Structure formats: structure tokens, C-alpha cells
Amino acid sequence: MSTDAAGLGRVRASAFVAPALILIAVFLVFPALWVVLLGVTNYRLTGLAAADPEFVGLDNFVSALTDGRFLDSTWLTVQFVLGSAVIGQAILGFTLAKVLHGRVKRFVEGLVILAWILPSAVVSFLWIALLDRDSGTLNTLLGIPGFPWLLDHPMLSIIVFNTWRGTAFSMMLYGAALGNVPPSHLESARLAGANGWQQLRDVIFPHIRGHILTNLLLISLWTFNDFTPFLLTAGGPDGKSEILAVHVYKVALQGGELGYGAAVSTVILLINLVVAVFYLRLLREQR
Amino acid sequence: MAAIELRGLTKVYPGGVTALDSLDLVIPDGEFFALLGPSGCGKTTLLRTIAGLETATAGSIRIGDRDVTGLQPGARDVAMVFQDYALFPHMDVTDNIAYPLRIKKVARAVRAQKAREVGERLGLEKLMDRRPGQLSGGQQQRVALARVMATQAQAFLFDEPLSNLDARLRLEARTFLKKLQRELGVTTVFVTHDQAEALAMADRMAVMENGHIRQIGTPAEVFQRPANTFVASFIGSTPMNLLDGVVRGDTLEVAGCRVPVPETAAGRLADGEKIVYGVRPEYLSYAAEGPIAGKVVLVESLGASYLVTLEVGEDLVQVTVPEGREPELGEAGCAVPRPDRALVYRDGELV
Amino acid sequence: MTGFVVRRIGFYTFVAVVLAFFALPLLWLVTAPFTDTPTYEVKVPDFTPANFQAIVEHPYALGSLVNSIILAVGTAALVVLFASLAAYALSRVRLPGRDALLYALLLLSSIITGTAAMVPLFQLAVTVGLIDSQLGLILILTGGLLPAAIFMLKDFMDSTPKSYEESARVFGASPLQIVGHIVVPLVRPGLATIAVWALANVWGNFLMPYLLLSDVEKQPAAVIMYTLYTEGGQPNLRLLSTFGLLYSIPVVLMYLFVSKKYGFRFHGGIKR
């Protein structure tokens, strides 16, 4: 079948696509290529190297990959992604989508979605207030005034925070997915005497495997690149919650080492690329 | 109003699939013409190529006295009803009917007036302010018809116009459509995969297979004398009996029985030739004695008649029997062909 | 019977814990703005309007909300315009290299993030003089949102039957008439979804305006939040809580509007 239903023709179609492509090229593709190029220079925000950056080859990459701070930061990021996205958001989101129903569902869903739609600048302050050592609500409730959550357990804090923040997406995606599981399949499993767990394993999971995949990879990518924890802990104390997104900001824009920061950014881009290609491959196999 | 003339019309899709293979077809002015065939035979492609929604790879299309092969769809002066009607969901019935006039820059008041006239003619006057989503399938179909009528085009093209209606409405709409076409006298080509629909409505029809036209004729011709075994097996609400056989002098040996050579093939067969003997269940009668003897294995009700399946040697032969005369299962019985309606096919083509 | 009771109790305990987890952090937002001298503590408010008075008197607070609106509306308008044109052409015309382009767009939208591109974007903005320019920021944000928007809209347009356009075409409508009379009205829900998605995205974006706008007069609410400190360097909780509430209300209203109008169908998420 011909696809050109409106008789647009290639010339007009190209004109339709052009403005979007130009903006994407200038503000998305060019920066991505530029970041790779910058990574091989000693470019700095200020000083001599700012005026006349030199080519330094793979030095930045070598020093990043051997730098304890970079490696620590990568490890923290892995913890952050596994803890808050894969374990926190996905499991809590699925559970909520599965067990809630009726009026309770609407109310709980409303709150969960609220946590998701509020601006990050606002929610980070809400959590600073919640976790405040002296008068924070959490310490008051637990009866342990003076306990410094953000200083003693910065990673735990941002993991729980990000779970709170992002569960809505998983909840809604799984909600839509569960709605597509044919009731007759569940009923025939029940008639065969399957218990709750068996139904989950034999009927529900096989049906929503594609959704689980999409969900895990999207929330992993987002969490991996999330800058919001900076607003809560600023990477501190002493780099103990400095995930990669915060690390780049600190070395490149606060520390002024643009070349080195670009090398770290390139590594982030590569990790994103690997995850995204992996995801697209799996999704194609699904079809 | 105009005739439609196709010469050597060919459509090859990118990728090499030949959807239409050098078709020649003339549809005279005012005719109601059906394109019939199984899905994928090219009938919809042919209709869309006439409309200009597909570009012909080779050949020519004339509508009236104009060669329209290279023209845009809008310049061909045809109107089309799509399978899903394609009524614009965001416009009410009036605006939908008047849309072709809006394109022709007719003034708004004139458009509305014209839409009302056409709508009234099709019994839509109470629905003019509704959106398509608020109409039943039958009403939507009439709005789609009203819209093509408002164009006053040279020819109408209908793509499976009845397939979205439920069975009851379909019969009603069939009659309605045929009557309307008679009154308007506009050359109309319609596509269908339902042979009963084509037989009932068309003045003439073409049966298509794999991008070729296998037979053109009036419904009676196509039903009574299918030009080849493809058409024979495709046309008819109960499929034609097609039995392998051999010519033995002035008889045919078919399914282990001897039948006389039908009148239609008399004198045109050579002794020992392999043929296919074809006769519709409607043209066979059931009797105790007869040339094709077998055993009753199945009796199905068709309402006012019964379809009786006889096992004759290794073959199955179906016979229609009037109600009240249906045999018992397992009974021995015979099928008697009507000599002027039995047909002989050689290499798949009618002798 | 007992099994049933235990399960019920378990269910309600779970619901209660989840409710507490999601509600607790929000309490402060609804109490502190109405409290006379708020601390981080959640107290029963005394419903004073003084904090709102203070926000009105703050030199940049209300202006920053206007800036947020300018950025969000500007970006959403550009995203909807450019994405719908591109998505329509890509959905309907087999342009050479279309599939590769779509694959690339999908990859781009997921791998190039503010985090990975902050260094070059900052540099690019400095070099071409787009720093401290709201238009520059709008263009940068638009570029970032376009791939995902094109992808979502193309999906939407692919699922719209072509027979509407073909029908109009047989009646003689020109391509531009078809787009104006038929396509735009048909895909309006899709356009609205993309608009809301872009609005929410820009409204909450902190990193890009924080990097690229240094003039306080131009900064949006997300950035101004972080300037609301007392002279002693402590967060000014009166201003912060009240401003946070004002800054949150538009997204909440928008969410309520969308969920009422479209029943909040799932389109890959309204945010991010």
C-alpha cells in the first residue's frame, strides 16, 4: 500500500521534517559529538588551557578510569540504580498496581503520582525538611531527634528518596500491562488450582515480559542520569553520595576541568548507548 | 457520467509484487460493476488505481473522454466510499456531506443547502447535526453515500461498502444501494469479496485472482457458466462439484460412474482425454436411480432446502434437495445432473 | 476464615505504610506556608497570610514564575509544532533513510541527557552567545525534547487511519488542506498530550536553566528556589515553603485537568 495518503510528496515531506532535524542536530547531536572531541583535550573553564586547549589523547580517559573518585562514583551510581530503580520503583510499582483496587486505589495512586509530578526543586526541599536532624518529621516520629540521616546515610537517603519520587511511572506502566492480561487465562489457572504465586509466575509474568523489560530499562536510564540527588545531598558528605551525574557537574563546571569532565560524560554516553541498544535489541526480538 | 476504460493496466509494488498484471476492462456509462475475488487478488488495488491513490506502473485509464492515468485523485472527477466510510469524526453530518463542496470553494450557505437536499433524499434529515460517532453503522454508510452524491462525480468507486454492516442490515443496504444506483445512473465500480453480494447487485462483474481477471460477465453468465475452475469454485453459496474424469467415447467416466457428455461440451472432446466434470449442487437432483450412485454421508439444512453429501467412490458429491424430501443418513442414492447445466473443464478452462 | 482475616489485616497494613510513606514528605508543603515562622517541623498551621505577602514582596519570586511560564509555553509550542510536522511526514511518506532516522532518534532521545551533554551545551551556549538568553534556552530544551516527542507523535499518527486523508484527497483537497482540515483535528488529543508532557518537563527542569541562565531576572522558579536564603546563609523557610507551594500548584492543576479530560491514559508518561 502506498503510504503517502495525503499526496504530500517527498519535497514537502522533507520540508516538514527539516526544522525538527536542524534543532536536534544543533542542540543534541552536535553537543554529543563535541563532548567526545572535548574529552581528548585538556580544556579548562579558566586559565591558560582555556585560551589554547591542547590535544591530550586518551589521557583524560586513562586518568578517569584510574581515578579512585571516578570509580567510587560509578560504584555509587550502580547502587543507586539497583537500589532505587530496579528494587525500589519497579517492585513497589508492580505491587501497588497488582494489589490496589477500588477507592483505596484512586487515593493511593493520587499521592504516588503527586510525588512524581511535583518539580524536583520542591520535592528535594520536602525531603530535606522530612530528614532534618533536629525538627524533621521522620526523627520526631521515630523519637530519635538529632539523627543526621543525610550525613550518616546519604546513599540510603537518596535511594529511598528516588523510590518515592519515581514509583508512579512503574505503577502506571504495570497497571496498563496488567489490564491487558486476559482474565480467561487467570481464570483457567485458578480452575487448575494455581495459587497466587503460581498465577503470577505462569500467567502474569509471561504476559507482561515486554512491559517489564521496557520499564526496567527506561527507569534504569533515567535513574542513571538523574541529577536531582544533587539537590538533596550535593554529592556529600565527602563524596559519599556523588553519583556520576553529580560527579560530572562537580569536576567540569565547579572544578572547571572541562576536558576531564567531557571524558566522564563520554563514558556516561557510552553506558547509555550500550543500555539503549541492548533494550532495542530485546524489544525487536519480542516482535 | 462516463465510461471507464482500462488498457494494459499494470501495478507493480516496490519490492516486486505484481498486484495488477496488464488488465483490460471497459465499463460502459451507467453500469453497476463488481470486482470480486479473494483477499489479495488485486481488486482493491485496481479500485485505488482508478481513484488515483495508487499510481499505475504501466497502461492507461480513461474516464469519459479523458486520459486520467497521470492525474491526481482530486482531478479525476471520481468519488469514493471507503470500507470504513472515512467520515471525518470531528465534523457533523452536514459538514461531512458538504466537504467536497468546501474543497470546490462553494459558499457556505449553498453548501449547507445542498447537503440538506442530499441528506433528505437518503433519509438523514434528522441526523444532520450529529457526529459520525453518534450514528449507527447503517446511518454512517448512508452519510458516506450522501457525501459522494454531493460531488456529482463522473463515477463512483465503492470499496467493500457493505462489509462493516451486520448481516441483516447488509441485505437491506444491498437493495437500497442498487436502487439508488439505478436512479442516479452514475457509473459505479464496487469491490467485494462476497460473491452473493456481487451476484445480487452488479449489472456485470469481474472475478479476479492474483492480479488477473479470470472472467467478466453478467451475474447469470458467471454463475451458470464459470469460465474456469477457479471461478467455478469461488462463485456460488455452495461450492460447485468438480470431479476428475476421463472421456470414454460419448460418456465421461467420473468418480467411477458413467455420465453422459453434457450438451455444452458435445462434440468437442477427444476419447481418453482427462477432464474435470463440474456441476452445481443446485443443478443436480436426488433420485433412487441415476448415473452417479453413492451413499448419503451428510445432510445439512439450508433452510428451505437441504444439502446432501453423497460418497461416490473416493469422491464427495453434493446435491440440493427440497425440504421434506431429504434422505436418511446411510441411504444409498443417486445424483442426476441437468444436462444443459453440467460443464466440462479441460486444463482448468471451460470447454 | 482466619486466613481471610489475616490477609485483610496484612493488606490494610501495607496500604497504611504506603500511604504514610508517600504522604509524610508532602505534609510540610501544605502546613509550612501557612505557619507564622515555619521550621522543618510539621505543625498545625495558624493560617497566616504573611508568608504569601512576603513572596509578593520578594523582588524575583513572582517574576520567576512568569519566566517558568515563558520557558514552558515557548518550549511546548515549538515542540508541538516541529514534532507534529516531522511526525506526520515520517508517518505518511517513505523518505529515504526514514527507518534509520527513526532508530537514531529513538537512541538519541534515550542516551543524550542533560547529564551527559551539560559540558558541551554550556560551551555551545557561551560560544554562540546564547548564555543568559531565554530564547536560547527554549531552543536547547526543544532540541532535547524533540526526538521523544516525534517518536510518540509518530506512533499516534500511525494509528490514525489513512482513509480519512485519502478520502479528502479523492474529493480534491490539496495536501495542505488535508493537513489543516483533517489531520490536525484528528490528532488533537496527541498534540495535547505532547504539549502537556513538554510543559511539565520544562516546568520541573532545574539543571539546564541553572547552567545557562545566570541573570536572576531571567531565571525560572526552579532556580529561584535555591536563592531563597537568609542573610545568614540559612534557607529562608518562610519563602521557600510558600514559594514551593505556589510553584507546585500549576503542575497539580494541569495533572487534574489532564486526568479528567483524557482519563490519564498511559502515553509513556507525562513527565521526564
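A, B and C label the chains in the order they appear, each numbered from 1.
The rule we apply is simple: contacts are C-beta pairs under 8 Å (C-beta built on N, C-alpha and C of every residue); 3 or more make two chains touch, one makes a residue touch a chain.
Note that the structure is predicted; figures quoted are calculated from it, not measured.
Novice: Sort the chain pairs by how many C-beta pairs are in contact and tell me the top one.
Specialist: If you count contacting C-beta pairs, the leading pair is A-C.
Novice: Looking at C-alpha means, what's the farthest chain from subunit C?
Specialist: Comparing chain centres, B lies farthest from subunit C.
Novice: Could you give the separation in Å between the centres of subunit A and subunit B, each centre being the mean of its C-alpha atoms?
Specialist: That pair's centroid distance is 58 Å.
Novice: At what distance in angstrom does the C-alpha mean of subunit C lie from that of subunit A?
Specialist: Distance between chain centres, rounded to whole Å: 16 Å.
Novice: For subunit B versus subunit C, what separation do you get between their C-alpha means, in angstrom?
Specialist: Taking the mean C-alpha position of each chain, the two centres sit 55 Å apart.
Novice: Residue numbers in subunit B touching 2 or more other chains?
Specialist: Answer for subunit B, listing residues that touch two or more other chains: 53, 72-73.
Novice: Could you pull out the residues of subunit C that touch at least 2 other chains?
Specialist: Within subunit C, residues 163, 166, 168-169 contact more than one other chain.
Novice: Where in subunit A do residues touch two or more of the other chains?
Specialist: 5, 7
Novice: Can you tell me which positions in subunit C touch subunit B when the two form their complex?
Specialist: Listed in rising order, the residues are 161, 163-164, 166-174, 177, 181-182, 185-186, 188.
Novice: For subunit B, which residues are in contact with subunit C within the complex?
Specialist: Touch list, subunit B to subunit C: 51-53, 72-76, 78-80, 82-84, 86, 88-90, 99-100, 102-104, 151.
Novice: In the complex of these two chains, what residues of subunit A are touching subunit C?
Specialist: It comes out as residues 3-10, 12-14, 16-17, 19-21, 23-24, 26-32, 34-35, 38, 92, 96, 99-100, 104, 107-108, 111-123, 125-130, 132, 134-138, 140-141, 164, 169, 172-173, 175-176, 218, 221-222, 225-228, 231, 244-245, 248-249, 252-253, 258, 261-262, 265, 268-269, 272-273, 276-277, 279-280.
Novice: Can you list the subunit C residues touching subunit A in their complex?
Specialist: 11, 14-15, 18-19, 21-29, 32, 39-42, 78, 82-83, 85-86, 88-95, 103, 105-108, 110-124, 139-140, 142-144, 146-147, 150, 162-163, 165-166, 168-169, 175, 178-179, 183, 200, 203-204, 206-207, 211, 221-223, 225-226, 235, 240-241, 244, 247-248, 251-252, 255, 264, 266, 269-272
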